[in-house]
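Below are two complexes that have chain A in common, paired first with chain B and then with chain C.
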Partner chain A sequence: MPNKEVVATDAPAKASSGLPLLASELSVLFRRRRTWAMLLALAAVPVLMAIAVRVSSAVPPGRGPAFLDRITQNGLFVGVTALLVCVPLFLPLTVGVVAGDTIAGEAGLGTLRYLLVAPAGRVRLLLVKYAGAAAFCIVAPLVVALAGAGIGTALFPVGPVTLLSGDVITPGEAVVRLLLVAAYLTVSLLGLSAVGLFLSTLTDVPVGAMAATIVASVVSQVVGELPQLEWLHPWLFSHYWFGFADLLRQPIAWDSFGSNALLQAGYIAVFGALAYGRFVTKDVLS
Partner chain B sequence: MTRKWLRWMPAAAVPAVIAAAALAGSLPASAGDPLPAKTPQEVLALVAHHSAPSLSGTLEQTSRIGLPELPKTGPSAGGAASVLELLSGPHTARVFLDGPRNVRVQVLDRLAERNAVRSGDEVWLYSSRDNTATHLTLPADAGRHHDVGQYKHPGAGTDGVMPTPEDLAARFLAAADPTTEISVLPEVNVAGRAAYNLVVTPRTEGTLIASVAIAVDGQSGLPLSVELKARGQSEPAFKLAFTSLSLEAPDASLFAFSPPPGATVKEVEVPAHGTGSLPGHRWPGHRTEEGVVPDAAVPDAVTPDAAVPEAVAPDAAAARPTVTGTGWESVVEFPASAASAEAGAMMSSDPLLQQAAVAVPGGRLFSTAVVNVLFTDDGRVFAGSVPADRLLTAAAAR
Partner chain C sequence: MTVAGRSAELAIETRGLSKRFGHQLAVDGVNLAVPRGSVFGFLGPNGSGKTTTIRMMLGLAGATRGSVSVLGLEMPERFHDVLPRVGALVEGPAFYPFLSGAANLRRLDAADPYAVQSTRRARVEAALERVGLTHAAGKKVRAYSLGMKQRLGIANALLSPRELLVLDEPTNGLDPQGTREVRSLVRSLAADGATVFVSSHLLAEVEQICTHAAVMSAGRLVAQGTLAELRDEGKVRIRLVTPDAGLAEGVFARLGMTPMGGRSNGALVYGDSRRAGDTGTAGDAGQLGDTGQLGDAGQSGVAVEPEAVVAAMVAAGVRVRGFAVEQGSLEDRFVALTGEGFDIAQ
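The block that comes next holds the complex of A and B.
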């Protein structure tokens, strides 16, 4: 029975393009109330932060997250500071929910087998699901950055921006840097999405896959803080998460961007292959 | 069943490919044309004759000298703690050099950066963590003070952020004397460039240092890496190496620094002679602190005669250090003075330093893999790259 199932559903998909499937996946993802709630929660981080700084007295340097003391001088720093605050928990949390839901969510709703009945191969379904999660990885940091820049512009003066190196750039260049930081975080989250996709193929309970993905991101960060496991650190998907600061130096240090992209590509390859192995051999009963 | 296993093949193959790639990447890349063979003297001359070039490169430092790891985040710790912070653990820095008078060194910290910029006689130090800038103007003859032999490194001793391989190599080579064996081992590859591997080995057993290896660029004579090995440690105790290097002139705008708006700016007066004393300024290279905590630990240990009198120049009139022993076994004694008393107080008050120093009969011993420093209860300080019991003997002898 299992073999039969595999053969039946995994026959190479007909040559029709996967674009309609991707379009429907994206529209389902971004029409969900849950997705909107998560994006609004992410956007609330810079807003709350900016309002708190605005109504309170000046923040002394060296207290709170890095760059917090710069906000009053320049509103554009709200975006960077909010991204910094979101990196360890909020972004992995939301990405974990989306990535963990990919396959397990359909299985949990009982719609997976209908998706597979349609002439869409399992591989293509997997790719489309991952593309949906990747799209969320693009949107989530962008929402934080733009909401931060917006509320910062509204509440604080905007002027030339001081980089970590002490050099000053124009607000226009600063917005480009902010978008680069968001792109860096998008790349950073792709590895976690691949982990989430694999975990999602393991279970029919979406909450389990979501929780496991979020736990994976927390474990990776905790291990990254232990000096005893230093040999392991360059292999953790969270290793370069804070490396986006290298984009705020003058000249930009691209090394960490490259290393990060390579590392995330490795995670995508490994967990993509695992997800493939699991999903195409899986008995889809629901 | 076999079909099912075929589906899992990619999951097995991908990690195997990654592991193979990682292994291949860790193997030393084979250099193209081998360098012409050179004797140690010729390599030394190559180093001595190289002129201050234009370069931009990335330096990486690792050290396992037995200091406790200090937290890298949070507000910057001032004084001795920041010197220790630079010496312990890994650091990455970018160096930009354009001729002898334009220098920029950036220590890349996590979410922060420390900068030292020299443009002509103007020197700016900037720390992004507390947004402070320090400005000083060098006396017109600065730079000549810090020549070591023929070798000239711009800003050596003034930038003080993180010594370049040039700095360290020059000091090590200055210490080459009959107590030391110098040889050239098979060439190595540093930052993608073929380099001579100059190895300095002490002829005595009475020192903590096992060997010092300096990679000298085969074309330009620029020292590309310095590696210090301690006795009984297989991993280098201290390593400073270029990971990338370009010998083209960097963008001139890098050297034009003006303090960013909103930064706290400190003006520091430099005395006409010696760029040594920068009172009240917390930059890691702070000279008066270096006299207290081992002058960058490494050079002090190796060239006591050359480095120490200069480092403690401000205090020299009050208490001049004395050196016992010769060569690698030298022990430097700093007599009791205000500075050493201050150091002792700091040793006992700073919790981080307290952890690092252990109580021994008659004082506290600050011990690392390559240098030992003994703070006696009566205020004297003994330092040397020798086993701890030799310091205790030296302290008891007085």
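The block that comes next holds the complex of A and C.
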């Protein structure tokens, strides 16, 4: 066994960036069966929806989720409709699982102490963990959008798409709009991820942090429905969640995208700072 | 006060290290001094504060009072410079059950910013080979037995060349074969120049592999020194088998020896209460801190020579049927320091 160099490493070699750890984090996250199960469940939403519409007779206009009646006319609408359906519950649910698991999951397994002794560094680990959750926020809406576009193309005719403003765009442009909507939802979920990251530093029980994150998203949406608390509405992370309709106009109205991004950045800053304050001083006893 | 020169020779040094959880003082003013190159046994019953002390050494938990330096650098401030040179097994192994053994090690190695990426695979393979897990490298850790996880945990500590290994209960869950392997592994690591800090409640294990040891009891460090010092060699016991018990007791008393442990199996057990090391604290007072009760590794200079005891017995007409000189064992010392009972302190 080569072990002669044990004795002295006076000046440690140059430290690498966090990239190997990030790569490892992403590989652990996306090779995990639970992540696959959640992504498959998300992909099942547009598939089930499209099949249901296909086998049933035409949906009367104005019933069911918005755009549902348009599906039969244009398969690309499956993606948008499925995203709309997933916004209130399915996407926050899966993001809650991933974000709530970040630190608490490692603590629950006991691997947190080994990562820290490696030493991952607490700040670096927190950043990598948040980056992992953000990556899931990118992938999850994308999976819904692409599964929707795919199944829609397979089951329904595809043609020029009529936007909310009445303009007609080509199918190619429509796919770009679909990806924009997915990107909008990615941004929308980043604030929730930061909340989940913070909650995850509070406990060694991952299920608790996951549930708390999901409850936070439900509470935020419920409060958003209460007219009595209207003053609070602009501060809720779910305030702009349904604002992506602006991306389906011609020309695109970027206002809600910008306001949403600003709001989410605020949540990232506040809850990122809270997570930092908590995690850097935390006694890791798990 | 710590002299700078000595600090450099210490792999681990704690000064008044204390940790309070709520109202309970889990670690209370511990002054550890682990010399570089030693194989240091960290003994104590369950719940005596061993693992909490280790957590503070590794920067996992903050000290309520006191300070720690590891490899001459303050922890946890210098963790970035210290921890890459330290391999650790803390409170049992912990891995991702859904990853293979090798993937687990690659993951933890990726967390070390100083680990060289290009040699990762080779180092993981070498570490797995060293603990005899090559054949199970591709198996999910979920399917590992406790002993295999323990081996994987040790492999993780050996991923990079280390100057210090902190192994918390390394033989937990291992079969006798595995225990032997760990012992020889620890010896080979020490032979390569690494300092090995082994916490254990298994005295036999510590006695076989360690050069130094410390004993914790109820959060306090109650003894520390070389193994020879701890065995308390000054305290020699004499076991005498005789039908003339009364006569022999008189001779013992004249020699200034006191009964120890009473009669066992019809034999008289006596020791010399005037221990060689009673003059003061053991060896290096500064290094040993508040562990004054530790006896010096005294030769039986002041004590009565065993042959003199036999001569006195024979002269007094005691029929000596059996005579044995017994060294104090680490176990005796351990029990004397931490108490007999099974109750967990505190």
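As a convention for this text, the second predicted complex is superposed on the first by the 271 of 286 C-alpha atoms of A that agree within 3 Å, B and C clash if a C-alpha of one lies under 4 Å from a C-alpha of the other, contacts with A are read in each partner's own complex, and residues count from 1 in each chain.
Here is the rule we use: contacts are C-beta pairs under 8 Å (C-beta built on N, C-alpha and C of every residue); 3 or more make two chains touch, one makes a residue touch a chain.
All values derive from a computational prediction rather than experimental measurement.
Q: May I ask you to decide whether A:R33 touches chain B, chain C, both, or neither, giving the answer as first, second, both or neither?
A: The answer is second: A:R33 touches chain C but not chain B.
Q: In the overlaid three-chain picture, which partner chain does A:L91 touch, first (chain B) or second (chain C), both, or neither?
A: After superposition on chain A, A:L91 lies in contact with neither partner.
Q: On the A-aligned overlay, A:L21 touches which partner chain: chain B = first, chain C = second, or both, or neither?
A: second
Q: By the touch definition at the top of the document, which applies to A:A182: first (chain B), second (chain C), both, or neither?
A: Touch partners of A:A182: none, neither chain B nor chain C.
Q: When the two structures are overlaid on chain A, which partner does A:T281 contact: first (chain B), second (chain C), both, or neither?
A: Both chain B and chain C are touched by A:T281.
Q: On the A-aligned overlay, A:L116 touches which partner chain: chain B = first, chain C = second, or both, or neither?
A: It touches chain C, and chain B stays clear.
Q: What is the shared patch of chain A, the residues that chain B and chain C both contact?
A: 2-3, 6-7, 281
Q: Show me the residue ranges of chain A that touch chain C in the complex, using the header's touch definition.
A: Where chain A meets chain C, its residues are 1-9, 12-18, 20-21, 23-24, 28, 31-33, 109-111, 113-121, 124-125, 281, 283-285.
Q: Which stretch or stretches of chain A touch chain B in the complex?
A: Checking each residue of chain A against chain B gives 2-3, 6-7, 61-63, 66-67, 69-70, 73, 84, 159-160, 162, 164-168, 227, 242, 245-246, 249-251, 253, 255, 266, 269-270, 272-274, 276-277, 280-281.
Q: Where on chain C is chain A touching in the complex?
A: 55, 58-62, 79-81, 83-86, 88, 90-99, 106-117, 126, 129-130, 156, 161-163, 188-189, 192-194
Q: Where on chain B is chain A touching in the complex?
A: 1, 3-4, 7-11, 13-15, 18, 58, 69, 74-76, 94, 106, 108, 110-113, 115, 124, 126, 128-131, 133, 244, 251, 254, 257-263
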